[in-house]
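Two complexes, one shared chain (chain A), two partners (chain B, chain C).
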Partner chain A sequence: MSEQKNVGIVIVSHSAKVAEGAADMVRQMVGDSVPLAAVGGNADGGLGTDVGAIMGAIDKAWSESGVAILVDLGGAETNSEMAVEMMPEERRERIVICNAPLVEGAVMAATEASGGSPLAAVRATAEELMGG
Partner chain B sequence: MDQAFKRKLIVAMADAIIAHAEELTALDSAIGDGDHGLNMKRGFEAVLADADNITVKPLPDALKAIGMTLVMKVGGASGPLYGTLAMGLGKALPAEPSVADATVALGRAIEDVKARGKSQVGQKTMLDVLIPVQAALAAGGDDLATRLPAIAAEAADATVPTKAIRGRASFLGERSIGHMDPGARSSSLLVQAICSVFNEA
Partner chain C sequence: MGDGGEIGMQEVKAHALLTNEVGLHARPSVKLTQLAKRFASTVEIAIAADGPWTDAKSPVKIMRVKAAKGETLFMRANGTDAEAAVSALADLVNRKFDEE
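Moving on to the complex of A and B:
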């Protein structure tokens, strides 16, 4: 399966450093086999999230197989949901926000995605972490 | 609704949020992540900066533009929540709304906010102010612009003894009791600001 077919992963944190660090850990696991984008901080560069930047990250990690988003706290989820709704309609169905811890979820989701798994399987793998 | 009136509304809302930014942040520091005042200020400063473009639009489009600006600029969960509220009002209001139109539109916009925040009344959120304000609008009567701010302020006060179920404050559980919800306070400030403009008219 070609690289572009693998599900993409987007990491959304309130902190740019957390987002970058989580992305580094994902890269260490899967290299460049999975489209990956990480975004953190508000429009002023402080702690928070930025809908426009999240949309940009989804574009960057876009794959025809879809994109799984991992978020940290409340506003990251709400802003990610908003970003998904603002994406072109034909893409929206292929974007999911995983109910999973950010770092562990991103690594697990990316590992699943690197094997060519479909979006639902990538999401399920990340969300299994919440089951304990 | 003419351009000057729309500008007055924007200025009144922005002034209220900017003037109370520190208070909102202090409320949010007690039970959340302490960014509500700053975030709302950033959003409303952006709305104010774009007022020339916003006020030339008919009311529904002006509200959608305000909502979009809040979504893009606020940076916390309150961006999508207030953005959804404004965009919901924009979708439901005609260009020249009556009180009845405003009642229906606010009711629909509240449903949008509930869906966005996955929240209900009584969970220590902005909804605890918006819902009684909408109910008072629906009940109608004279002097709405005088009575609504008091209803909103009372409703915001009433969030003090409640426990947060949604949002960052919910992490605190019982410890969220005893503090006013910052989103309820900012909603109350906005109701007050809007009513003050209608009272002057």
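Moving on to the complex of A and C:
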């Protein structure tokens, strides 16, 4: 397994604590073989999400194989979409936002990514959680 | 699709008793999936000798198996490294997933 090629995971929550906690769970359960970044809170340190911070997280977790983003509520998704749109064009198609619960989705996506799976498989595994 | 495996492929089976406290819980499930993914063979597990079989490389499906301590985990693999795959999985279970 060449670790640098594993898909990266970005966790976007309205709360910095939720984001950090979810990232802690991923690191403890899955390990360090997956690039991981977590971001939460608005620019004032309150609850919310921040497009610039999300872009920074995507950069931090960047992998040539792409990045899967897990989000919590509404604004986290729309701001993540905006962050993706503002990324360099050649990266955009390698960034996906998963329709999955934040914590479970992050752990599942990271587990899939740790095996070297491509971005589409990582996303499918996270989204499989919604399939009942 | 039957479950007899492809022609020329040898199905290898094994089983191991879950002796760790939490059984096939979240973290053990992740470890089992990560290990299964290292092999090219198809790898499946079940909690009964005759199935139903679950893809051991699928973290979501494995998490849903929810086997408890005291249950026996059955595993089977098909492919060129099937033997190594089932013995590695059985070994992981026997080592209590390196958690205790």
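Keep in mind that, in the parts below, the second predicted complex is superposed on the first by the 132 of 132 C-alpha atoms of A that agree within 3 Å, B and C clash if a C-alpha of one lies under 4 Å from a C-alpha of the other, contacts with A are read in each partner's own complex, and residues count from 1 in each chain.
Keep in mind that, in the parts below, a residue touches a chain if its C-beta (ideal position, glycine included) is under 8 Å from a C-beta of that chain, and two chains touch if they have at least 3 such contacts.
Values in this document were obtained by computation on a predicted structure and should not be read as measured data.
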item: Partner chain(s) touched by A:129 [first = chain B, second = chain C, both, neither]; value: second
item: Partner chain in contact with A:78 - chain B first, chain C second, else both or neither; value: first
item: Partner chain in contact with A:52 - chain B first, chain C second, else both or neither; value: first
item: Partner chain in contact with A:120 - chain B first, chain C second, else both or neither; value: neither
item: Which of chain B and chain C A:44 touches, first, second, both or neither; value: first
item: First (chain B), second (chain C), both or neither touched by A:108; value: second
item: Chain B/chain C common contact set on chain A; value: none
item: Partner chain A, residues of chain C touching it in the complex; value: 26-27, 30, 33-34, 37-38, 57-61, 63
item: In the complex, chain A residues that touch chain B; value: 42-44, 46-52, 73-75, 78-79, 81-82
item: Chain C-touching residues of chain A, taken from the complex the two chains share; value: 1, 28-30, 107-108, 111-112, 114-117, 125, 128-129
item: In the complex, chain B residues that touch chain A; value: 33, 35, 38-39, 42, 71-81, 83-84, 116-117, 167-168
